[in-house]
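Look for chain A in each of the two complexes below; its partner is chain B in the first and chain C in the second.
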Partner chain A sequence: MNLILIPIFLPLATAAAVLLISERTKYLKEILSSAAALVTLLAAADIFLQLPDVQQLSLPWIGSGLGFTLRADTLSAFLLLAVSLFSAAISIYSFSMPDKGSSKWFFFNLLMTQAFAAGAALADSLLVMLFFWEGLLVFLYTFIVLSQDSPGARRTAKKAFLINGVTDLCLLVGITITGYIAGTMNMSEIARNKLTLDYGWSVFAYVLLLIGAVSKAGAMPFHTWIPDAATDSSSPFMAYIPAAIDKLLGIYFLARASVYLYQLNGAMSIVLMTLGAFTILAAVMMAFVQKDYKRLLSYHAVSQTGYMILGIGTLNPIGIAGGLFHMINHATYKSCLFMTAGSVERRTGTNDLSKLGGLFRLMPLTGIFFLIAAAAISGIAPFNGFFSKELVYRGALDSGHPLFFWAAELGSFLTLASFLKLGHSVYFGKLPENLKNTKEAPFSMLLPMAALAAICVLFGFGAHLPLERFIGPALDSIGVRHGALAGFEAGKLYFLSVIVILAAVINHMLGLAAGGGKASKASDHIHYAPVLKEAYAMAENRVFDIYELGMDKVVPVVAKAMFSVDRFFDWVIDTAPSSTAGFFSEASERFHNGSYPLYLALTLAGALVYILLAALNGGLK
Partner chain B sequence: MDKGLLAYLLIPLLSAVLIPFAARARRRLADVIANVTLLAGLANLAWLVLRPSMISGGFADIPGDGLTLLLVGAVYLVGFCVTFFSAWFMEDGTPNRQAYYSLILVSVAAMTGVVSATDFFTLYVFIEVLAVTSFALITTDDSGRGVEGALKYFFLTFPASALIILGISILMLTLGSLSFDNLRIFMASGVPSSGPVTFGAALMLLGFLIKSGVAPFHTWTPDAYQGAYAPVSAHLAGIVTKISGVYALIRMAALLHFFDGRALALSDLLMFLGMLSIAVGAVAALRQKDFKRMLAFSSVSQVGYIVLAAGLGTPLAIMGAIFHLFNHATFKTVLFLNSASLEKSAGTTDMEKLGGMEHAMPWTSWTSVVALLSTAGVPPLSGFWSKLLIILALWQAGLKTYAVLALLFSIVTLAYFMVMQRKVFFGKKSRAAEASAEVSAPLLAPAVLMSALIVALGLLFPYFYTYVRMVAERILI
Partner chain C sequence: MDLPIKMLTTAVAVPVFGAFLIPFAGRVSSSARNAFAVLLGLFTFAAAASLLSPVLGRGAVDYVIAFPRGFDLILHADLLSVFMATVSSFVSAVILIYSLDYISHYENQTEYYTMVVLFLGSMMGLVFSANLLWMYVFWEMTGFASWRLVGFFRSDRDVAKANKTILVTVFGALCMLIGIIMIYANYGTLDLRALHGQAITFTAAVFILAGILSKSATLPFSTWLPDAGVAPSTVTSLLHAAVLVKIGVYAYARIFGVTFAAPEAFSTMVLYITGASALISAGAALVETDIKRIIAYSTISQLAFIFLGLASGNKTAFIGAILYILMHSVAKGGLFLCAGIIEQKTHTKDINRMGGLFRSMPFTGAAFGLCSLSIMGIPPFGGFFGKYLVFAGAAQNGSLGVLLMFLFGAMMTLLYLARLFYKVFLGEPAGHESPKEGSYTMVASVMALALISLALGAFIYYPASYASLLTATLGVNLQ
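This part shows the complex of A and B:
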């Protein structure tokens, strides 16, 4: 069997096997899933290590030149490795996690998501990728809806499904047009002769691909289900899908579409960078004022996507490298952060910042991992987030539009400020009475956190390692020529980041002073500032949520219109024929009354007409 | 007369004569003799046609023109199903067993005579014999409705006999002979002054149309079928009216060379009446409250398909017409026998009083489903193929309106039968369903046999197609 099939079919087979195992068995499903995830990880590592010997597979599929083609070039192999890594980490993390819903269905969804994500990463044909991509949508829905038995979970699952369903539809149309323009569905063939945005159809197709990709990554304005899922589903789900898998796939395909398939122009670059900068700022503003651990993290998950889109949108090698590097870094620390949230929730039973505090002494390891990941997301040297953000900044500066650079810096400032607030209110400050007996998280939860935190450190101190081993070759494989990517220099950018750190700390002090010393209120001076207060109130009321707007304003009108159209068709195919038939059959019923004279008269009249006709038409000549 | 099949005519006639004497003391002997006679005939026919060597040879060695043999088979099949069913259906004493079976056998003999006739006068004689036995059979149980049905049948179809004999006389005067072959040769020769011959033929066709119950001459059918003694309805609707009317129409369509554009006006007239019949029968069936009456209107509608195809007269259409004639015999027999079972078990065929009968009578219910789906032309049952052939033939001949209408009305067919199935068998259990039970196995056997045949003919269509094509080729030479 081809090595490339293992990451897809092993999880699929295991998922099927998990369903057969009784819900009452303890740890059997967990062991099976973790083992499958680890074997897949090994296979993925093997695929990566065999590079530059590219693994590929091509099977006949739906005919007419549309084959089932998989191809593990460096970017795909790298992505596959990341997907497998996070799958393994989450499998182990969820080993003893109690509030993940039915463990049978949890692992089924996890493994199915893994298999389909691996398929999407490896697909070379756009159609095959679409197949796996759409498959993910199904398991996104089942994952959320089965994680909790609550109306909220069902509502959020529907919301996630509809938002992603609509954008996946855009992707489908985009892929169809792209394939039609290019004359082939295979990405490697399209890349040999990149499409340009010179005419309307290709711009349209690219924009549709862009919508599909950024919505998967969770950029604004397609992000609104993520904060809802933070409260309505489990921490492992959050750590796995919105934090890791969705970002990986969305940014992966964004890079593929923007660099590999299409040759973008300056205008589209501005569009991408604007989208990125807007996402950074708007989401981080929302994140800053959140009072819930997971909800705060989920807004950051949206905000950080902005950096990746901004990085890729610069279209210069440094920026793209920064975007891809930030993608893997973000998945690492955000997954780790959601895991810490899960640990805290498991041990204390709450995620509400105002009810937490001083946990560092009781949960020192979780606290340390939190600090590392928080430092990484805030871009503090020398953790991994610092280096990837640095690349994005440099890319933004090089693009010749310094405005985006300043937006990104402002985003960093708010990110750090909100993590100061979060860390302070959860791990430091006063320990509430009822949390005195809190214990450290179990080993199975600490291990994946430790591994991810270690990666944060490793990719920070040794940033040249991932840049040279992963990001550089990945850029080569999608045809981006680049110079040296690594290298720390204590230049202007570094000092600027120090200033940002200081500003954030000062802001935190101010907030504390204004909030009466309570860390959970350290954002209130901005939250309730004159103009922002109204804006936040509107945001809390979901005024900016296109899904809710659509559901409230557009859907009822459209539904009413469709209802009347439907009634019309009902009438055409139902009422009209049946009343016509009814009319005639009633008439015939009235006629067939058994009266012999009537019947005889009809027979004779009919016979007479017949004879006349027969006689006139050539009968008696 | 086709002499090769004379035995199939004479033996039932002999049995019919024998029954009143042999079964005078032991009444049940009448059942036995009738059944054995027909079963033996059926077995003989099966051996004649279904020998492996015959099938592999593409039925080339079939005696006669093949149509005769096929229809003799259908006559014996339906006749046997009816007698077998009657043997268990009839209660002791009423009605007069010996007379009943004698009449059935005479009617079988007469039908054999009709289909093996090779000249119009013989045809006419046997059709009249058949009509007389039918009048008597309808009144088997002496009920008021039976007598009314028989009278209507008699009085509304007697113009047919007059028209046929008139047509025969005109033909005799102008053509000088009454044999089929002479008419065929005359039509094929393309003599310009064919007017009187065609007119004679037109009068005969009109007679056969009346006998087939084609609209607007269909008015006797509902009353006759509904009023008749239950198994007799199956006999009458399944085979008798088809042989006494529809068979002759197909035969004449072939003889008159409709397919090369002879007698075009007649062909058009026939097709129009066929379509009218399809429409009137289907529309009237929609609102019927009585199972048997609905089946009667359905017969009118299905006969319309055969007449439509016969009127078109192309080889494909003739094949469709023959096949549909045979299929009609199978599915209509099943449905009428099932209505008889319902009458025996639940005491009524009024659909308003029935309901949920599938709980009580699952076999009856499911054989009905098979038969009604075949009637409506649902694949892969046999009715699908015959309707497909007919519609294809219409389309090929450029008669797209007729083709579309024929298709549309087969949907209406499905609609009224679904209404029937819903009202009688499906749905909530009615009081009738709670009080009744499935009829005994011998009563079910004919319906099950016929249903199996419907499925088998549908699935083994290629073999049957070979046979029917051979028939069409021979009779259209």
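This part shows the complex of A and C:
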């Protein structure tokens, strides 16, 4: 069996096996799926280590030109490694997590998601990628709907399904057009002769691919299911799919489409950077004022996507490297952060910031992991987030549009400010009376958090390692020529980041003073500022949520209009002919009343008409 | 007469003549009648499926009974007709098995079984006929059987809807007859084998199209199909999945796909008509609240995708359409049979009075969900491949307007099916006392169809290579 098939088929087979195991067995399902995840991780590592010897596979599938082709070039192998790592971490984390719904179905969904994500990462044919990519929809839905037995979970599952389903259809159409223009479905073949945005069809196709990619990554405006899922589903789900898998796949394909398949132009670069900057700012503004641990994190998961899109949108090697590096860094610390949220929820039973506080003394390890990951996401040196953000900043400056650079810096300021608020209100400050007996999280939860926090540190202090081992070769494999990526200089950018940190700290002090010392109210001075207050109120009422807007305003109107057209055709084929026929039969019925003189008159009149007609047509013969 | 020819003749003759023996079996006992009907269905499926290997091996199998003036009865088994016959008879056999429980609560069961088997038999006759006149004859026979089946219940409303069905489809069939006569006037023969690769005039094509659209419930003749939902669910399942609406697409594939080279303008017209049909019926599916009417509108909308594949004029799209017929038959059959279980257990068809049914009917719910996913075209279900290939063909065809219409149509498919599933199975329960799961045979039938939808996706290699071979050997004028 080809090595490349293991990451796809081993989780699939294990998922099938898990379904056969009774719900009542203790730890059997957990051990089985963790073992499968670890073996897959080893296989992924092996695939990566065998590079530059590229593993590939081609099987007949649906006819000529549509083979089942997989190809693990460096970017794919790197992505596969990341997918396997997070799957293993979540499997272990979920060992003793009670609030995840039925554990049988939880692990089934987890393993299926892993298998399909691995398939999407390894696919060389666009159709194979689409097959796995769109297949994730099923498990996204079942994951959310089975994570909680609540109406909210069911609604959010439908919302996530529909948003992703509709954008996946865009991706489908984009892929059909791309494949037709290029004359092949295999990405490695398309890349030899990149497509350009010189004519309408290719622009249309690229935009459709873009919609599919950024929607998967959870960028605005396709993000709105993520904050809902934060409250309506489990922490492992949040740590796995919106924080890790979706981001990895979305940004991976964005990089593939924007650099590998298409040769973009300046205008499209501006579009991408604008989308990125807008996502950074709008989402972080929302994150800043959240009052729920997981909901706050989920808005950051959206906001951070903006950095990756911005980085790739610069189209210069530094920016693209920054985007990809940020992708892996974000998955690491965001997954870790959601895990800390899960631990706190597990031990305290709540995620409401106003009910938490002072937990650092009682949950010191969770607290330390939180601090590391929060420092990383806020871009504080020397953690990993600092280095990837630095690359994105440099890329944005090099692109010649400094506006995007300033947007990214402003985003960092607000990110740090909101993590000061979050950390302060959960881990420091006053411990509420009812949480006096809180215990540290169990070992199975601490272990994956520790591993991810360690990566945050390792990829920070040793940022040259991932940049030289992973990001650099990945850029080579998609044909981006680049100079040295690693290297720290205490230049202007560094001092600016120190200023941003100081500004965020001052802002937090101001907020505390305004909020009467309560950390959970440290954002109120901005939340309830003039103008912003109204904007926030509208956002809370989902005025800007395209899904709610579409489902409430657009879809019913369109559907009603279509329905009335349908009723019109029904009238044409049913009511109209039957009433016409009825009219004539009633009319002729009136003449059949049995009166002899009437019949005689009708006969004579008919004869007269006949003679007249005959006479007009040349006379009687 | 060698074995394949025997199989070909029995696949048509056994259900057509067997149907008339069902009333006699009914005289013996009701279980003998039921067993006989199911056996007829299974036998027809076996006979049709047994033709797969001869047509794959040596091409066509023919059987001719000569009639004067070129009106010979020609039974012609090729890749397309055997495919269609196998799919229809398989779904029909599942529906017959499901009927054993479902219909046992009603009167007139003998008439029901007779008409179902006659329906199946005339479908077999239609697909295997290689003479347009005989196609027309069988076409009208299916119309007759559907008329009696839609009017299975005898209230005025049911009879009126049944009359609507027959009147609309017969109007279309008569238009088609005019088209057939025009072909006869042009070529002096109605033998499709002899007409292979000939040109067809635009007018004749439009007349035939009227017949096809009325049978396949496409705009502007679509609304009889949701109205036919008054019939028992097994009948609607039969109409939607196996027999009636597939007749139109089959005739389109047979006449314009593998026989005549249709004029360019004609194909373009079909694309726009069906695109509008996809959108309008999807909109109606979002408005309706009757579960069977929603699924019926979904059929109208999905048929448009099949027409998109057939009329796009390239091989990719044609393969897609063939796969779409297969996937849609299986999944739509499953959906209607699920609706049958729900209707029987909740005693309502109004989705606002359901909600939360998943808790008490998990298997029906799962089957419904799986079949919906296949219709939506979500991988790894079979429907994905049909949808993808049809879109790929449309992209190759290069008409942006058509592509966008169908893209929106596909998005709306997601919307109405997700809404339906949510409302029926997950939403807040609306004043029903948790109905029980359906009987064993019924649930097994729907589960079988749902799992087959999944298996068809997992083993797509086999149906796809069959469809490719079909397109490569029979397709006319495809790029």
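Going forward, the second predicted complex is superposed on the first by the 561 of 621 C-alpha atoms of A that agree within 3 Å, B and C clash if a C-alpha of one lies under 4 Å from a C-alpha of the other, contacts with A are read in each partner's own complex, and residues count from 1 in each chain.
FYI, contacts are C-beta pairs under 8 Å (C-beta built on N, C-alpha and C of every residue); 3 or more make two chains touch, one makes a residue touch a chain.
Since this is a predicted model, take the numbers as computed values, not measurements.
> On the A-aligned overlay, A:Phe563 touches which partner chain: chain B = first, chain C = second, or both, or neither?
Touch status of A:Phe563: second partner only.
> Name the contact category of A:Val145: first (chain B only), second (chain C only), both, or neither.
The second partner, chain C, only.
> Classify the contacts of A:Ile573 with the two partner chains as first (chain B alone), second (chain C alone), both, or neither.
second
> For A:Lys158, using the defined touch cut-off, is the partner it touches chain B, chain C, both, or neither? Pick first, second, both or neither.
second
> Contact-wise, after the overlay, does A:Ile62 reach chain B, chain C, both or neither (first, second, both, neither)?
After superposing on A, A:Ile62 lies in contact with chain C but is clear of chain B.
> State whether chain B or chain C is in contact with more residues of chain A in the superposed arrangement.
Comparing chain B with chain C, the partner touching more chain A residues is C.
> In the superposed arrangement, which partner chain does A:Phe131 touch: chain B (first), chain C (second), both, or neither?
A:Phe131: touches chain C, not chain B.
> Contact residues on chain B for chain A in the complex?
Residue positions touching the partner: 151-152, 155-156, 159, 163, 193-196, 198-199, 202-203, 206, 209-210, 216-217, 219-220, 222-223, 263-266, 269, 273, 280, 283-288, 412, 415.
> Under the definition above, what is the set of chain A residues touching chain B in their complex?
581-582, 584-586, 588-589, 592, 594, 596, 598-600, 602-607, 610-611, 613-615, 617-621
> Taking the touch rule as given, give the residues of chain C at its contact with chain A in the complex, in rising order.
164, 168, 219-224, 279-284, 286-288, 297, 319, 373, 376, 378-380, 384-385, 387-389, 391-392, 394-396, 400, 403, 407, 410-412, 414-415, 418, 422, 426-428, 460-461, 464-465, 468
> Per the contact definition, I'd like the list of chain A residues that touch chain C in the complex.
For chain A paired with chain C, touching residues are 60-64, 127, 130-132, 134-135, 137-138, 145, 151, 154, 158, 161-162, 165-166, 169-170, 172-173, 176-177, 179-180, 204, 555-556, 558-563, 565-566, 569-570, 572-574.
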